[in-house]
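One chain, chain A, links the two complexes that follow: it is found with chain B in the first and with chain C in the second.
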Partner chain A sequence: MNKKVLVVDDDQDVRSFVVTVLEENQYIPLVAQDGIEGFEVIEKERPDLVILDVLMPRGSGIRLYRKLKTDENLNQIPIIMFTGIALRSFLKSQKALDEFKGGEIPMPDIYLEKPVEPEELVAAIKKKIG
Partner chain B sequence: MSANKILIVDDEEIIVRLLSMSLRSDGYETFAAYSGEQGLEVFKSESPDIVVTDIKMPGMDGLELLKKIKEIDAEKEVIIVTGHGDIDSTITALQYGASDFINKPVRDEALAIALERAKAKIDIREKLKEYTENLEFKIAEATEDIRRKSNFQQLLIRSSNDAIVAFNHDWKVVVYNPEAARMFGEVAKDVRNKMTIDKLYTPKIAKIFKNQAKKGKQQNTLPWRENIINTKDGRQIPVRYNSNVLHEKGDFVGTVSFFQDLTEIKRLETELVQSERLAAVGQTVSGLAHYVKNILIGLQGGSYVVDVGIANNNTEKLKTGWKTIKRNIKRIGDLTKDLLTYSKQREPEFEACLPNDIVNDVIELVADVAGSNGVLISKEFDNSIGEVMADSQTIHRSLLNLINNAIDACVEDENISKKHKIKVKTFMDKNNYFCFEVKDNGCGMDKDTQKRLFDPMFSSKGGKGTGLGLLVTSKLIEEHNGVIEIKTSLGDGSTFTIKLPYEKAN
Partner chain C sequence: MEIKKLLFVTKFEGLCYDALNTLLMLRHAALEHVIFLNVIERDKIAMQRGSGYLKEKEVKLKETANIRFIDWAENLFEMGLEVGAYMEVSRLIPEILKVVKKESPDLIVIGRSHKGRLKQLYAGSDVTELMRRTEVPILVFKHMMEDNILPEKLFDRPLFATNWSETDKKTVEFIKGLKNVIGEIHIMHVVKESALKSPNAHEVQKISKTERKRLEDLCDELEEAGINARPHVYVGDPQKQIERAAKEYQASMIILGSSDKAAILERWVGSISKNIVDNSVFPCLLIPGKKDI
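Let's look at the complex of A and B:
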């Protein structure tokens, strides 16, 4: 059975790109425009993988990421961070949040900085869920 | 100092001793000599203040001694002791400069009086001398002081960084320092005591100075002001200057003026503006890189989707991909336009236009985006505004920017329970401005964001904003002599108001 991959991104250009990549590689694409919608889709559809943007209105990728990683039922879903934000800035924000909230959130499985070639994205998805 | 040393000369030893005793008891210090020759020797070695000498002595007599003493020191007091009726000797002694005479036999009282008189003379002479010396010293001191002061002032004028030019009552130049020579380009020898104000200054400045002098005492000093002066070689120098009218006992005696060369300051000012612009460009570049990267991501994604559409003969994909590409081409276009607007000075192009119609056009443009984001746009027009003279491009672009921002503020708002609305209003204000108000109930701004709102490349939209929108808007509005006002509250929304000078179109 084909695997479900959710892409959470507020940019419709990115969404249509990722959706096309997923379709071309026999995944079932799911989409969400922001962190809040993303969480709803995850709870309902239980995707096999989430491709997550960082900067979004209404519940940023950072917030959704932390929510998923601290949720016992959802923390096993692999996440690919897919963003224009440099990894360094992302790690810094995570560290600051760890210190602020206490406890340590594991780093994302894969972190991709846009722009990303379709092959690169596919390779990353394959690595996690085959 | 009082004269106290007395030399007594007499060939009769007894007289010398008696006189000495008597004078010593009066407190004098006495020296004795028993001949003219001995008297002269003691005089030389002891330098007494007063000499009392008998006139008739063997060898060097009193007159001879007197003559010798006066040769050595004309100011010494010599009292001559004479016999009765010795008129000739007395006259000779007077000629030689004797100060007094006592007759023989010498009586204490007569001697005491003669001595007092001699002492008084010495005193007066000494005081006079002291006074004269003092006067000379004082004059020397004062002269030196004046010279020093004058030198100092000369130096001050010479070395001043200000050009100093003074005119006498005939408006002829009397002071013209090296800086003035540098500034005006005329050499000092051609100017000082030769040139008049009309020759040296531009007619405008000369007139200001003359008027000031005419006004008399109520306008002794002009405040600093700026002007341009012409140099001899035809250059124009920006200067800052002031002038003072000089009066002496109420009469006009001339004016003095100070000029400061502003060339360097003006140059630094320009440089500063340029370096600020460069710094802004630096910020621009990193902000822009981010924004351009997002466009690139869009274009790459779009072309991939188009490729897939072509490969699979999938029209739907082709449409999606092509839309993405067009959207990003438009983003590049808008960015370029904003950059050009920001970097260039532009004069507004005034034409008759209808502000309310422009608002309608802009709302139509953004209706789709607003609708798809669940934002309701309403409008309220002041129909009295009618046709005005304004730059419709400025209004169009500014409103588009503000309304797009308002939509973004609604989309960014984390409070999704809110029903998001934007209201666009036109109205006239009491200061004869026609105004546009764009009010949203989106996320609003905190103090820090407000403060940085007009910083170049500051964007609160992450990589999704160029940080140019408001900057360009405020620049356009400024060029149109208008103002832009902001009211905002974090969590409640923002209100932007544009006010433009109202001029009714014919």
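Let's look at the complex of A and C:
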């Protein structure tokens, strides 16, 4: 059975790019354009993988990432961060939030800094869900 | 009323990271979330004779904005703040209102151009229009010096000019939410010369005493909320006296309430808040009144 992959990104061009890559590789694409909509789709569809942008309106990827990782029903869903935000800044933000809000959130499975070639994205997806 | 989420409207050339940086002290109040909005005015990429719709220019402008936003966002993310961004080709005020509806910010921050009188009038009308159409407080940034140095502690020494309107009650609640970032607030009321009908010194002193008592009561209310406050009564033209007091007490910003009635009036004769926003060298925090008044 084909696996479902959700792409959460506010940029229409990026969503189209990822959806095309997913379809070409026999995955079922799901889309959301911000963190709030992304969480709704995740709860409803339970995707096998989430490809998540960081800088978005109405709930950033950082907030959604932490929400998923602290939800015992959803924290096993692998996440590929796919963003223009540098990994260094992402790691610092997690550290700051860990200190501020308590707890320690695990790091993302894979972190891809935009732009990436389709092959790189496919390799990352295959690595997580085959 | 706390500032948890702020909407930072920028055209980059007018309101930049140094302005945003001075707002980050709001983290000590309650700030958790910053939304960036960059509006590319339609006329920049509109149809032009012989060239049509400048799609390439739109992409270039959006990408330029994106690079800046990412840079700013990285800094804010590293501080543990939540960040979001919008880049739209639109008209400024409708786009701000659209984002306000989606994001429900507690404060809108907007810059005012310092590039010549015509530009100033244009930006001033933007602020007036925004005041008329939203209940969200608006911070209008200024370039206080020719070299554009912004006050390091923007909320440290605000001057609140009250005219005892209904909106001022909302303003007081807003100020209370800033108790962790205000060092000392100066509260003033300007008695208009026309109110001093009697030439009798005793009568004038009586009015001054009454106003001072009201200001002292307000100061007590704020001190109970944990904010140091000092009362001041001035007499004369409100606009001139507010500007004068801001200079005398080295205010870091001017806080003003504005009612719907004032917003309607200013279309015809100009209101105090509009004139101060247009002409003062100080940043102005404007608290719009309820829209159902």
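What to note about this one:
Here, the second predicted complex is superposed on the first by the 130 of 130 C-alpha atoms of A that agree within 3 Å, B and C clash if a C-alpha of one lies under 4 Å from a C-alpha of the other, contacts with A are read in each partner's own complex, and residues count from 1 in each chain.
Here is the rule we use: a contact is a pair of C-beta atoms (placed from the backbone, for glycine too) under 8 Å apart; a residue touches a chain by one contact, two chains touch by 3 or more.
Owing to the predicted nature of the structure, the values given are computational and were not obtained by experimental measurement.
Per the definitions stated earlier, placing chain B and chain C onto a shared chain A by superposition produces a clash between them. Legend: residue contacts after superposition of the two complexes on their common chain; A:K69 is shown touching neither chain B nor chain C. By the touch criterion defined above, A:K3 reaches neither chain B nor chain C.
Of the two partner chains placed by superposition, only chain C is touched by A:S93; chain B is not. By the touch criterion stated above, A:E24 is placed in contact with chain B alone, chain C being left untouched. Applying the stated contact rule after C-alpha superposition, one finds that A:P115 touches chain B and leaves chain C untouched. Once the two complexes are laid over each other on the shared chain, residue contacts for A:S16 go to chain B alone; chain C is not touched. By the touch criterion defined above, A:L55 lies against chain B and chain C together after alignment on the C-alpha atoms of chain A.
In the superposition on chain A, A:G84 makes contact with both chain B and chain C. Superposing the two complexes on chain A places one of the chain B stretches 217-225, 253-261, 343-351 or 487-495 into chain C: stretch 487-495. In the superposition on chain A, the residues of chain A contacted by chain B and by chain C overlap at 55, 57-59, 84-85. Across the complex, chain A is touched by residues 35, 66, 69-70, 73-75, 77-80, 82-86, 99, 102-103 of chain C.
Residues of chain A that touch chain C in their complex: 34, 54-60, 62-63, 84-86, 89-90, 92-93, 96-97, 99-100.
Every residue of chain B that touches chain A in the complex is listed here, in rising order: 290, 293-294, 296-298, 300-302, 304-305, 308, 317, 320-321, 324, 327-328, 411-414, 416, 462-464. Those residues of chain A that touch chain B in the complex are listed here as 11-14, 16-18, 20-21, 23-24, 36, 55, 57-59, 84-85, 114-115, 118.
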